[in-house]
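One chain, chain A, appears in both complexes that follow, with chain B as partner in the first and chain C in the second.
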Partner chain A sequence: MAPAPDRGRTTRMRRRKSTGAWRLLGVLVTLLLIAAACGGDDGEEATPPVTAAAPEPAPAPATTESAPADAGPTDEGSTDDTVDDAAPSDDVTATDDGAADVTESITIGAISTLDGPFAALGDFSMHGVKLALLEYGGELDGTDTRDGVTGASVAGVDIELVIEGSDATPDVAVEATRRMVEQDGAEIIIGPLSGDEGLALKDYIRDFPEVTLVNGTSASQDLTLRDPAPNVFRFGGDGAMWTFGVGTYAYEVLGYRNIATVAEDYSYPYDQVGAVLTEFCALGGTVAERIWVPLGTQDYSSFVAQIPDDVDAVFFAMGGTDAINFVKQYDEFTGQAIPLVAGPTAVDQSVLSELGDRAEGLISSGPVVDDSGLAEFDAFAARLEEVFPGQTPNIFNIYYYVATKSALQALEEVGADLSDGSAAFQAALAEQSWQTPIGPVVLDDNRQAVVDMYLRRVEGGVQKTIETLPKVNATLGFDRDEYIAQGSFSRDNPACG
Partner chain B sequence: MRASDRRRQVALPLVAACVGIIVIPIVASDFVLLQIVIKSLWLGIAGASLAFLIGQAGLISLGQTAIFGTAGYVMAILTLSHGINIWLAVACAVAGGPVAGLLVGLVSSRSSGLYLMMLTLAVGVFAFFFGQQYQPITRGHTGFNGFESPIVGGVDFNERRPLFYVTAVSAVLIVVFLRYVMGSPAGLAFRGLRDNRRRLAALGYSPATVTIAAFGVSGVAAGIGGVLSVWYNGAISPGSIDITRIIELLVVVTIGGAIRIEGAFLGALAVTLLRNFASDFTNRVETLVGAAFIIVVLFSRHGILGLWLEARSRTPQVFGALRSQWRLRSKAVAGPPAR
Partner chain C sequence: MAPDRRNAAVATRVGVLLAHLPGRTGTPRPRLAAQVALGGLLVYYVTAKSIEIGDRSLLVLLNGLTAAALYFLMASGFTLLFGLVRVTNLAHGGVYLLGGYAALSVQQATGNWLVAIGLGFLFSGGIGIALYLLLRRLRGEGLRETMVTLGAAIVMADQALARWGGVPSDLDPPALLQGSLPLPASPLLYPKFRIAVIGLAVLAGLVLWLLLYRTRLGMIIRAGVDDQDMVSMAGIRVELVFCAVFVLAGGLAGTAGVAGGTYLSLAQGEDNRILLASLIVVIAGGLGSLRGAGAAAILVGLVEAFAQTHHAILSVLITFGTLIAVLALRPHGLFGQPVDARL
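Now for the complex of A and B:
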């Protein structure tokens, strides 16, 4: 039965001597791991042990506790902090004077991409979440991205922050969210960051109508446009809205008639290209070539070579390092002989410094400009710099901030009352209308924001406003039924001529 | 004597599995049942396909996610794109596993060791990019969302308990199947491939054919794992089969121990527990998983399972005594041991 295959006698003997200590260490580590797992188990989930102990006769308080737990074993995840659990124990101990139905604390779960290709963006987004909580009396636990905020409270109810990360894949995002909702008892989820994660979370959160998802920066149109979930809210634009106005500007002001597009090959860039072409082609423009590059492409030479020589401009929609790589290589190969027009995240403030001079003069549309002159924006920028030195406003920290603050404001309005399946809270959230750092926000019937966008140009490494585009809605001003009926944007939708 | 030994070897784990299948859904909370137990089971099934290849045939394959993904995608495409009956789709997907396995085996049949790893890695990465880019069929980066598991006679397999039963029974069947293969003459040939390729050839076997067959067998497990992962996630996208998942499978098998296929389930459980609960006390979950991996590799050649096996082999007298006592008792009862 000995697993070791026959070796030389000496080796064997040496092994025998050392394996004792090794085995001990190994066993220790294993035990540690198990203990770690159990520790997490015990801390977060008081319910399963209670259920198991229920049949045995127990002292009075324990039995009253176990009764509701026994009756509803399906909602263990949320019993920790919610009214159901708090009420009976209050009755027994009678330490609180009155107000038995007040929730003890509310847990907010924040999810962003803390691992994988977008990890840097995940850091930005958590800055936004924390800034909002600091406004409600919170204090930073530490400087790490995953360190939470303690001490925040709304209407006398403590707010706890749970932070989870994904690696931008939907599977991981759903598992992380499930952990927050079902294990940590989060009642409000802020996030996620990327488009397809958002669609996956919408499917998941639909089964938990009492939990509220306030989107971070997931910009997939269909998070709210088609088949919306009643407990999903988006206080920012989607990929198409962020690109609003570029097509018209390119045709009417810049005088382009025939363009090519280069974009990453997934839903979010489809929305950007779709929005540009919808406007551009409606005015009579044409698209010579739509080039789709795989996410994470390093070498763009073959794609640059595919761009026809006779186009007036190239619209490119990419994010993060892809945008940086593409612009650098395009610049080196062609010297920008054909002018570029950018998608919103391709020239977001989070990548501008990396692009340097190459980004100068690039035209784009987007939700964030640095010279809007809004008092709220300047205050946000100052506070951000103060709390997280060296950080400047970008789409990620602002959107997560706006999402978190909207949720906290709605909580305050309802006195932090999440009873009745968060009905009052969700109603208050849908009515939120306030002046964010990037302009006024108000939600439509699908709980999708109607927000200002900015047509902008990169000057001196910052985004300068060309024109403010007020109150952009989810259908870009087109007829709603027609717009929805044309289907989700894809590689070849809209057809354009 | 020999027969009773074997019966005990087979009966005990089976009884334990049955007890587990009955007890776990009662004890575990909804969250633990889904995200720990079910996840570990399907990840373990996928891991078992790799543990089988590594432990039995000595083939370190990095292409298991390709097989796994093929099955998952086949089911998702057939149901969501073509509206084909779910059971037919499941049957096609489960059949797709060994077919994909044979294909991966065919590609890598003439290589071994490092070259086999490189070839299968290429296959795995190819599958990822195929999913990512072959839009008309695979729907690209977004993949398939909103997959609904079947409902049969009021039993909704989207619910956690029914899903658990399906996954657990599949896991048991997979283990039984793989163990059966291991005990068969084919299993002997696989071990021959692992131990000495040339000698196997000298005995008249074709190493290439044996390699292909081993991949085919492992494809059965990988395919079923892929199908169950889609039932679990309700979705499949290239993100489900990217390079991170390839490595994750390897980590699962290494931590658990490839010496026996059951090790994959241990490893899957360990990794799942770490991923879910380590974040309660550390911000560096991935670092911890990596550290656990390194520690296990350093201190136990055969993972967690190896620790147990070694402990048992080191203390034969204790186990021997226990065993003889057990034997006496079971003889006294004169019947199959009831525990």
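Now for the complex of A and C:
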């Protein structure tokens, strides 16, 4: 009994003391914040005179080290402004003094999901990045996913590869990219893999106009469609484009009139369901139920139970593990009494072997088929097997390969010159037009690819072409303004009757 | 909705009536009244929603029980370990994953599911011993112990990734339990293996009960929960008992991993998902209480199945809401006790 009051008193005293300390800390933090805010303003206002007075700083931003050196908000502001202001006026000085001899190496940062639910897909995507670098004289450092590539060079400039992983969450992706840009000094970022990561990286990279983001497989529509960032490029389709043609095929050829959808509850599946319903409902089809499943759900029994008995088909849009679990359980619970129609990644080559017989006959649309007969595809498949035995082409290794190779080609065209805030490089990148392993690619004004898609059916464990859908654009062939005006796809957009 | 409102009014009136019933001290009991009113509303809501989907209610019930079975297999080991050794074992999900993967390898080699689950149990029991040895020197330093188990969890997840890769995979159920049974009055089927999982959990519960309440080891474990010092003074080697409990907890998690790996799948991130679910169950049931783990597993499983069916978007929120509600009413969990008289 006795010690109790003592202990109480000490605690109280300690608490009082610590309250004081906290208060002091609070005041300090507030002061610092105010100081930082004022400092930032000063910096921005003060920059133009500094640039005008001293021509020496102008070449500095062109060097590779400038980006990582930026630490505080003040520095950052001034550097950006220096680039913008100095470039047009002191054009000659900048190129003569700086770029040619200071750009000794260029760092490419590759980010994909190396941990978490999509870890396997992260491995695939890094295969693609490395294959592209090998074409430019690189050699593999090792067989592990995180082992880089050395010795690659473009126009006499060494290319260094930095690899970072995320776990498919936007926060981790931004943090990893921040490390690559601000610490490793990466000038070009390849990635990320998943939809929401892409949106987060777009917002982050917008503040670094001299850094270029070439998207991997992030398929959120609004990475490029609405409010695009000038330094973000996508050489592949988005979720809606990947799903192009399925709604029409389901209505006109398969004769479905009333469907249900089951999809993961985030932006990328919204785009897939939205694209299917946009076509399907425009023809007069109806949707009986839209079921949204939390990402990473294991047990789909309660969601399967919600599918109405009287629908003609079920469209499901999921990726990786989720697709495997869903198809397995759908089969167990219904015996596939109601036919399935698949989203693009749900039956991607990366999961087909795990889906096994249950995937046979599934109809989908998507960027990759195994029987396209394109010489570039066969060459890619052969090279992939040679360098990474046992690997076959899928959306991830192809898209990361296309992204990396596009960047390297553009670098080559500009002589690996990233001066002037990468202006020449980004212009060359926007003009890239070439024959990829999955067909021709060109970019539109938002730096979004116009690419071929394939309507396909799973036969014997591979994707066979039903029909090639040439030159699918970001608005699926609808009027651009109208399409954008209908707003981002969401749980209940489009309305569909 | 008129009937809705009418029923709500009835429930409230019943509550008010109850509130004015004299209690032991003769004063109104507004708190009990509120609880009864809320409970009435809840029962009404669940019944109404279940009638709405008619024949599918049986499916929802079965889904809930299957989930509950898996949660119980996980939570019982966790709660046993906490009750006796006072370790918050955050590596429990890792043991689940490794046990499942080990069984997967065994099945790929032998093609036999029963051998797989047997060796899966032994393997994860072995991990239990490793954890016991790892934590032995930190006994009594709660926070450090927890951090070490967290570290072990990360190592386990990475080992699983390195050894079995990131592509999800699953075990094939034994031939006898493959396929599905038709559900009465419904076009849907129910997989046989899921029903077997419910049986497995009931069996595990029975064995645990027998072990704890009908054997000498169980007696020692229960005594150890109450007062470790007294038990060791009685000449019993408590350390051995601790080790046995680690083996048991690991084995249960591994068994859960084999079951889950068969009817769901094994993949990266599964360890954390199942750990979170079993934490909810353990806390709602009362840390250290086996009965609590059972009751809370059923509660959480049913609530989850119900929420996923009727309010899919809110399902995660509702599951956590259940935990909050339980803790609000019973701060120590359903069967938890404020003092050390657990189990």
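FYI, the second predicted complex is superposed on the first by the 395 of 497 C-alpha atoms of A that agree within 3 Å, B and C clash if a C-alpha of one lies under 4 Å from a C-alpha of the other, contacts with A are read in each partner's own complex, and residues count from 1 in each chain.
In the analysis below, contacts are C-beta pairs under 8 Å (C-beta built on N, C-alpha and C of every residue); 3 or more make two chains touch, one makes a residue touch a chain.
Bear in mind the structure is a predicted one, so any value in this text is a computation, not a measurement.
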Touched partner set for A:D115, first chain B, second chain C, both or neither: both
Partner chain(s) touched by A:D309 [first = chain B, second = chain C, both, neither]: second
First (chain B), second (chain C), both or neither touched by A:L199: first
Which superposed partner A:P294 touches (first chain B, second chain C, both, neither): both
First, second, both or neither for A:D265, with chain B first and chain C second: both
First, second, both or neither for A:E386, with chain B first and chain C second: neither
Which of chain B and chain C A:D147 touches, first, second, both or neither: first
Chain B versus chain C as contact partner of A:E360, first or second or both or neither: neither
Which of chain B and chain C A:E164 touches, first, second, both or neither: first
Partner with the higher number of touched chain A residues, chain C or chain B: B
Contacts on chain A seen with chain B and repeated with chain C across the two complexes: 115-116, 167, 265, 294, 491
Chain C-touching residues of chain A, taken from the complex the two chains share: 115-123, 167, 265, 291-294, 296, 298-299, 301-306, 309, 320-321, 324-325, 328-329, 332-335, 337, 350-351, 354, 491
Chain A contact footprint on chain C (complex, rising order): 53, 56, 59-60, 62-63, 66-67, 161, 165-170, 180, 187-191, 194, 260, 264-265, 267-270, 273, 304-305, 308-309, 312-313, 315-316
Chain A partner contacts - residues on chain B that touch it in the complex: 27-32, 34-35, 39, 129, 132-133, 135, 140-143, 145-146, 233-235, 237, 239-240, 242, 244, 259, 270, 273-281, 283, 286, 292, 295-296, 298-302, 304, 306-307, 309-314
Chain B-facing residues of chain A, complex: 1-4, 19, 22-23, 25-27, 29-30, 33-34, 36-37, 39-41, 43-45, 47-48, 52, 73-74, 76-77, 115-116, 144-147, 164, 167-172, 174-175, 178-179, 182-183, 195-196, 199-200, 203-204, 265-267, 294-295, 491
